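Shared between the two complexes below is chain A, which has chain B as its partner in the first and chain C in the second.
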Partner chain A sequence: MSTTVAALPGGTQRRWLGAGWRFLPVVIVLLIWQLTVDLDLVDRAFLPPVDAVAAALWEMTRNGELALNLAISVYRAFAGLAIGSILGIAIGLAMATSQQADRFFGPLVATTYSLPKSSLIPLFILWFGIGDVTDIVSVVLACLLPVIVSTYHGVKAVPALLVWSARAMGTPHHLVLWRVLLPGALLSIFTGIRIALGFCFVLTISAEMIAAKTGVGKLIFLYGENGAYAYMFGGILALVVIAYLADRLLLAVMHYALRWHESLHTHHRTA
Partner chain B sequence: MNRFIPITARPEAARTARRGIAALVAFLLYAYPLLMVLAAWELAGWADLVRPLFLPRVIGVAQQFWVLLREGEIIDPLLVSLYRTFLGLAIAVVAGVMAGLLMARSKWVHWFLDPLISVGFPAPKIAFVPIFTLWFGIDHISKILLVAFNCVFPMIVATYHGAASVSRVYIWSAEAMGTSERAMLHRIVLPAALPHILSGIRVTVPVALIITFTTEMIAGGGGVGAALMFAQRFFQTPTVFVYILVMLATGLVFDRAMLVLRGRLIPWQDESEEA
Partner chain C sequence: MISICVKNLNKCYRVREGNLPALSAVDLEVAEGEFVSIVGPSGCGKSTLLYILGGFIRADSGVIEVGGKAVTGPGTDRGVVFQEYALFPWLTVTQNIRYGLEMTGVARREREETVRRLVRTIGLEGFEHRFPRELSGGMKQRVAIARTLAYDPNILLLDEPFGALDAQTRETMQDELLRLWQATRKTVVMVTHDVNEAVYLSDRVLVMSQRPGRIVAEFTIAIDRSGNRETTMLNADFNAVRNEVWLAVRRQVAATIAA
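Coming up: the complex of A and B.
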């Protein structure tokens, strides 16, 4: 979507120009932010100027505080996402291929799908204490459901003809799963994982803000409570950038894994 | 003749009874995993496998639900949370639909908003709780605006995709007949994008609920989320369970409601079509 400039042939310079043109609006927003503060349209106490935030970000990066807490949060988020995705794909696949599994997991998924998983954080704090386990378990639960649902729908949508052909050629059951159903459902599975990726950060940050000793959510919260707003904004900006990069990375992995998939070239759109 | 009435009436009664039993059996067959979870939960408490502080008995939770309900500790916070959820959602829908339509119709709006959305959509906006609390205080406004901030991105994307996929033929025909840009949006693009917009709303309702509850849990200031955190702080585990179940039920009810509403508003389109 709108990356036509970047897509034109013409070397790296052209591509950088394209990327610059594409992200110009972000720069404009930052400029407007800086100007509103410089022109005293809003109180500095409420909105620190961009240069102050940049200085705070630099300071946090230099003393290692930001990198450490970001690493802790990203570890929790990705560990939960990985466990949740693997479990989710397994359960979704089981539900789509076995009626018993469908009958068992179906009602559970349908009832718990719309539960805000963050409501379980206080309970997990009670059970597992404050820290990694609580955060990871809540992330796993949040990531599990979208992956189950998308895997289920993806596998169900694999044309029966493909499965029949594989069977007719004597493919054993586990290979049908592995070579036919999973690749066929991959696009849908990735869509589910992309939703889960969003959840994994939300849950980690929420859990850290509710109760934690470490993590970038805790860092942001502490700076907010102490009135160090430039630092608070710095932490939030860093988090936004990390989440954006993770989303892009997932899209890149998806494109690589699905490079054989015909629908990708027409289907793909920037969210 | 009179003698025949009870005879004809009896099968009627028997049929309703049989239908009732069949419905019950169907329900049990459907809900057996849920009942198993409930049974395992109750059994763990009954066999003293876990301390009631960590996992209260099912009966205890049910009793606590009744107590809280009578004291108005469920309805009142729920109304507060729902008010925040739906006002925030309404703002997001209006703003998102407008932005999405403009993006589909104007190259420049598209150029400006596209990178902002691709950065803003995946951002964990719950991290903005401290900022919104700083700017708008701890009461309704900060929560409503945070809900709107969260929900506006999926609404823009859903509307844009709907509006951008409107058949060119309609647009060309309208242009050929001299339709103005305003009328084009109102009469052609908006109705054609409506199914996407409604799906967008359906996806966004749970998001709005999650953000309201979570923000209340983090920042306090009333609502079901704050009540849940308050109970947890005093280790009132049955109350914690009651509020979790209230959130679960709220999510379920509104998800069903959206499905029904969608079926009513656009019966010609099947939900599974664009899944």
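Coming up: the complex of A and C.
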């Protein structure tokens, strides 16, 4: 049924307050972190206090180092995610609608699904050298599989009656894909892309640590090597924020694209 | 003029235990402009027959002709209203009704005109941009019928069209369908388990046996429908034939339970 909520000012205020409370656990963890260092429960040399990390973060922001490397990493992560998602949707659709494609890709997907894609980075360095290509290829590969699998299952779960009714209304075979199977599988596809979004940052950072001269991964790695742990944590924290914002953005797009969907009004609110 | 002609139709479903006969030697002729209902116990294969006419399922053997041509697949000469409506949940009311018009290549101007007219006919003005999830069962049913009427098929195939509605809405929708049919005189084949509904709406009611489905009885319904629902329903002729059909169906159901 229609669930229109009256946009009362009080309601909005409460919503903002509610959003603030959501970050309470994060604040608590930061407090505990600060306290353990201040009370000398752990050695400062091994765990820099929050204020030192904040200072380092500020310094990296001020001298432009962070923005540059973040931009490079985000470019690699999102390029890989975009390519991987498009390929994944295409392969998943092909597998779900063609037996030949299923027979060809099925075993490949099954055997490589649980392989940690980062183990292939040394091979990609050999093929593509150090830099963007190696990093992006690693990300593409990691993003590909969850999107293939979720697209495949999403398409398989589209009710046959919807396909029949499309055919009854004169939809030619090749348009059934666009007009019925793709929108019908959209929730599942988005779920796959959301999993891939997590992987894209994991792979970008791992690849940059061993196969790049730039990027947040390289930054974290270098500062770690040199014992500048406050700066290392600064890089990690910046990454956490970017990854969180990217996930929220994807969720917002998903909610808009699936505003017609029965089940989306209870799912995916916080997680 | 014969619109639908089925001769000696057979259909088996392949299941793990072997072959499950669904339809056996079904013969059916429907004249142009005729309203025919098929009633029978659940699982008797009446929906299968409708899906074969729709071109979604292939028969094992037999002749299936629509408008003098053999059925080889779905076509826009036959409009289908499915159980549970099968609306596209990602399209709004307007977009759902417009869909068939886009597919059949109707010009934009005429398309928009038809959509507007149908939205008015089904009384959903103000709901044009709602998605199916925001509609009641009766509204969804109206949209499902409207989107089928939109591209003006000669034949309507209705699969338990009112099965998911409450009793009051169902009666309203039956009257709307009757009015639409009287205005357009399309050929209609409706599958239902509701004897009242079948007799109230149809020119002819066919009773199917338990599985494998055969047509075991046929009733021509010659009642006066010029009055309103009460006049028709309380009419002695209506009740006499309704009881006959009901008994015929009941015998099949009893046979199913005994088997």
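FYI, the second predicted complex is superposed on the first by the 256 of 271 C-alpha atoms of A that agree within 3 Å, B and C clash if a C-alpha of one lies under 4 Å from a C-alpha of the other, contacts with A are read in each partner's own complex, and residues count from 1 in each chain.
Note that a residue touches a chain if its C-beta (ideal position, glycine included) is under 8 Å from a C-beta of that chain, and two chains touch if they have at least 3 such contacts.
Keep in mind the model is a prediction, meaning the values are calculated, not measured.
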{"item": "Chain A residues touched by each partner, larger count belonging to chain B or chain C", "value": "B"}
{"item": "Contacts of A:206 with chain B and chain C, given as first, second, both or neither", "value": "first"}
{"item": "First (chain B), second (chain C), both or neither touched by A:167", "value": "second"}
{"item": "Chain B versus chain C as contact partner of A:159, first or second or both or neither", "value": "second"}
{"item": "Touched partner set for A:46, first chain B, second chain C, both or neither", "value": "first"}
{"item": "First (chain B), second (chain C), both or neither touched by A:261", "value": "second"}
{"item": "Partner chain(s) touched by A:183 [first = chain B, second = chain C, both, neither]", "value": "second"}
{"item": "Common interface residues of chain A - those touching chain B in one complex and chain C in the other", "value": "1-2"}
{"item": "Chain A to chain B touching residues, read off their complex", "value": "1-2, 22-26, 28-29, 46, 103-108, 111-123, 125-127, 153, 197-198, 201-202, 204-206, 209-210, 216-217, 220-221, 223-225, 229, 232-233, 235-236, 239-240, 243-244, 246-247, 269-271"}
{"item": "Residues of chain A touching chain C in the complex", "value": "1-2, 159, 161-162, 164-171, 175, 179-180, 183-184, 186, 259-262"}
{"item": "Contacting residues of chain B [partner chain A, same complex]", "value": "29-34, 37, 53-54, 110-131, 133-135, 157, 161, 206, 209-210, 213-214, 217-218, 225, 228-229, 232, 235, 237, 240-241, 243-244, 247-248, 251-252, 254-255, 275"}
{"item": "Partner chain A, residues of chain C touching it in the complex", "value": "51, 54-56, 73-76, 78-80, 82-84, 86, 88-91, 99-100, 103-104, 130-134, 147-148, 151"}
